[in-house]
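The structure is given below, and queries will be raised subsequently.
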Amino acid sequence: MKKYYFDHVATNPLHPDVLEAMMPYFKEEFGNPLSIYEYGSKAKNAIEEAREKVAALINSKPAEIIFTANGAEANNFALRGIALAKQNEGKHIIVSRMEHHSILNSARFLEKSGFVVTYLPVDKKGFVSPDAVRKAITKETVLISVTHGSSEVGTIEPLKEIVKVAKEKKIIVHTDAVATTGNIPVDVKDLGVDLLSIAAHQFYGPKGAGALYVKQGMRIVPLIYGGIQESGRRAGTENVPAIVGMGKAAEMAKAELQMRMDYLKPLRDRIINTLTEEKNVFLTGDRENRLPGHVSFCVEFIEGEAMLLLLAAKGIFSASGSACSSKALKASPVLLAMGVPAGLAQGSIVFSLGMGNTSEDIDYLLKEFPAVISRLREISPFAQGWGDKDGGESCTVKK
Amino acid sequence: MYSEKVMDHFTNPRNVGDMEDADGVGIEGNPTCGDTMKISIKVVDNRIVDAKFKTFGCGSAIAVSSMVTEMVKGKTLEEALAISKEAVADALGGLPPQKMHCSNLGADALKKAIEDYKSRQKK
Amino acid sequence: MKKYYFDHVATNPLHPDVLEAMMPYFKEEFGNPLSIYEYGSKAKNAIEEAREKVAALINSKPAEIIFTANGAEANNFALRGIALAKQNEGKHIIVSRMEHHSILNSARFLEKSGFVVTYLPVDKKGFVSPDAVRKAITKETVLISVTHGSSEVGTIEPLKEIVKVAKEKKIIVHTDAVATTGNIPVDVKDLGVDLLSIAAHQFYGPKGAGALYVKQGMRIVPLIYGGIQESGRRAGTENVPAIVGMGKAAEMAKAELQMRMDYLKPLRDRIINTLTEEKNVFLTGDRENRLPGHVSFCVEFIEGEAMLLLLAAKGIFSASGSACSSKALKASPVLLAMGVPAGLAQGSIVFSLGMGNTSEDIDYLLKEFPAVISRLREISPFAQGWGDKDGGESCTVKK
Amino acid sequence: MYSEKVMDHFTNPRNVGDMEDADGVGIEGNPTCGDTMKISIKVVDNRIVDAKFKTFGCGSAIAVSSMVTEMVKGKTLEEALAISKEAVADALGGLPPQKMHCSNLGADALKKAIEDYKSRQKK
């Protein structure tokens, strides 16, 4: 059966050119970058070249890039590293309710260590308001972290405006740009942020490589101590092939960015336009300020995991923010923060497109998905409104 | 993740539907994940002769509902009440541990349906 | 020019069979292990299979293995994770002076966070004495971390005896087994340790994969928070290919362990026996309790980096613990802790052998290295004993 | 890591040796890394006519010593004293930043040799 991969927010396939760039570092060039002889210096040079390419993608200086193992490490590093570096100036940090677990759970860890954390509310479309940021700032605030774009609902945040507010009070701003980098323009200078997290596997690069941009001159306490790799800011033998792959993927993303957006947006829009015609299917996130390949809905009266499974049986691979589809058995906190009722959140489904998807793939999706909806609604006790009467409290939202 | 039996009952659920002339209806919901099952039974001579379900929930919730309605048919009320969550899960070839708690509501909904039948008889 | 790689303690080449095992996960099987559909479950299964193989190598249960990005992360995780989990019971930890930077610098970080750290002295051969451990233990002690084997001087520590002492007081023991795992038998049950760090690139596995063994039931605070990967103990999208490679490398190491030791030890011993015949060349570390492929010397009157460079010019790649050869410009703290005088420590040189080295390679090394020594001694002001008179205070050690 | 010039002077150092009849000898050491340089000079008519070195240290320390002894030959004492660390590094095509501090002792050792020569003259 042909497979239709619509889960690029989970991870992307590796681009064959990226793999090719990595291969020598699995073979002849296996040296440790710290070694002073030839093998080592070749590996070292390869890392520095990759650093330049990653820096170019986000318009930073190479020295401002610290490689990590993934996006989660970059996020943990940013929050804890700045909190520790700044704790003598204040113990308050601000994060939004749109954040990935790696931000939220780092924030919770900091709460246990004596920090106070403000979790910013968001509106129905998932926007963090710059005004809410202004109100949340106290004299103790040392860090604000707001995602650049949400992998769950696709909304792109008004980060520039948020940074402006933060900078009035000279507060450090971090952004989780894991979902955006390589997919839309990300320019640290234009955004004005001090720290920014990225992950290679989100733009056709390898798993095992992420990075934290740290503005020049900013002190940050390491998360992983040891040797002098990454200028002493992140220890451990470097994952040279993955870093090289991240560089190559960054180079390609920079070159192809506009093309990729131009390709994905019409596909995305066709899905959105067609499926929002369906009864009781609601787009989540914003219509315009949206990741180019990102489509997310809540489908009333039915549950996300059941949709995923029936779609998978048709060869269609997608994601859901429903409780039952998450291995933690919790509905997406992002959807709940946006005010989506718990029952409706159970009907979450996310299709995220990538460069491997064709117009025919979309035809197929648009044919199969409504059939899946109908089938599950036939089984659902709520579809006929019975839920209003009893037991279905969680699913009584009406349009 | 799921056994073949679960996938079979999920993708081809048995006994889906409402029952116009049900003798008992039971509804059970899991407040955490929102899974909700409605089971309708038809009883003749203390024996369940037909059962139908409607379920809002994940794959295992649907499979459990389907399996329970299959298992219960032809059983006396006492036999039906003795059906445990574990028995349903076993009949499905097992459920992932987290689903045992969260989506395995079939036996509970069935019990409620039988209680509903009994309370209607009393009237 | 033919290349002679004698720096396996820095990193190993990737075994071609390991690379082959990894390849599908760079191509078709790129899924995210958290996803519930086919791609995801294949990746998930691959990780669990790798976990079983890594567990088998160290005789643990699969559920006791937490994958990390490298050895340094495993070491940081162990020290900080246990310190945080146990801080209410006491704020004293014990580490040895034989430890890798990733242990020592984690310990220093904990000192800054209010912990008291005892740095255990070692003897001339680099042994930590169980008695010193006993004396260091206080009522506040919550963790003892002693390396299993030193990558700098090859000494294998009497870990079982140290664990015995610790267990009299029911204190948790971690060991850094990065240099030993895959090279000598490592059995967590036999050793009796509670935590143990390993790195795949030290046994012909890939860079980008390490692991921390955490004994069942032991609470540890995560270093990287986020999603529920690794049972919520280490977040971030898994580096599936690297983990698969680590599993394959572990499987091979288990199968070949005896053969590898039998192959390497005679090569090692030939180098040691021949070179200790040279005047003023001293073996560092123990002669018997020694990593199978590990040779380390201090060569009097000359400096390590200069040796490395001249050897590299002959195609021989090795390492040194001299200040000038370290990018941090500090002489190996391990050598100093062993009482090697600062000047002699400058003459540190380490040859670490691997399965790619042949007997002919050793012939070549034994021919070229004495010539390098002579050449540098000709340039050295100390070689004629002039150092005794003036200026050469650091290099006046005599046999 | 090192420039070609550094590698050339390191692998083929010029003027290695002691000088039986030296007019001045200077020794300079870096306590941190232990690098130690000994420079011997022969002086005729206020001009350095020969220079030799012996050095304990890393690649750059040896290259610096070799370069300094080359640079100094034929220079007057005043010219020789004017040779800076930077000038030596430049002549070598640059040194890695950390080595600028740690192994660049040639000019210092040279100064000491000249001082030694001068103090001998006074006697």
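Residue numbering begins at 1 within each chain, and the chains themselves are lettered A, B, C and D in the order written.
The working rule: a contact is a pair of C-beta atoms (placed from the backbone, for glycine too) under 8 Å apart; a residue touches a chain by one contact, two chains touch by 3 or more.
Every value quoted in this text rests on a predicted model; they were computed, and no experiment measured them.
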| item | value |
| --- | --- |
| Where chain A and chain C overlap in contact partners, by chain label | none |
| Separation of chain C from chain D, taking each centre as the mean of its C-alpha atoms, in whole Å | 39 |
| Interchain centroid distance [CA atoms averaged], chain B/chain D, Å | 92 |
| Cα-centroid distance, chain A relative to chain D, in whole angstrom | 57 |
| In chain A, residues with contacts to at least two other chains | 36, 305, 309, 325, 327 |
| Per-residue overlap in chain B, given as positions that touch at least 2 other chains | none |
| Graph class of chain-chain contacts, one of line, ring, star, complete, other | line |
| Listing of all chain pairs that touch each other, if any do | A-B, A-C, C-D |
| Interfacial residue positions of chain C with respect to chain D in the complex | 301-306, 309-310, 313, 322-325, 327, 329, 331, 342-343, 346, 378-382, 384, 386-387, 390-395 |
| Residue numbers on chain C that touch chain A, as the complex places them | 3, 5, 7, 10-14, 19, 22, 26-27, 30-32, 34-40, 69-73, 75-76, 100-102, 105-106, 108-109, 199, 201, 206-208, 210, 222-228, 235-242, 305, 308-309, 312, 317, 319, 325, 327-328 |
| Sites on chain B touched by chain A in the complex | 2, 7, 10-11, 13, 16, 27-29, 31-38, 54-59, 61-62, 98, 102-103 |
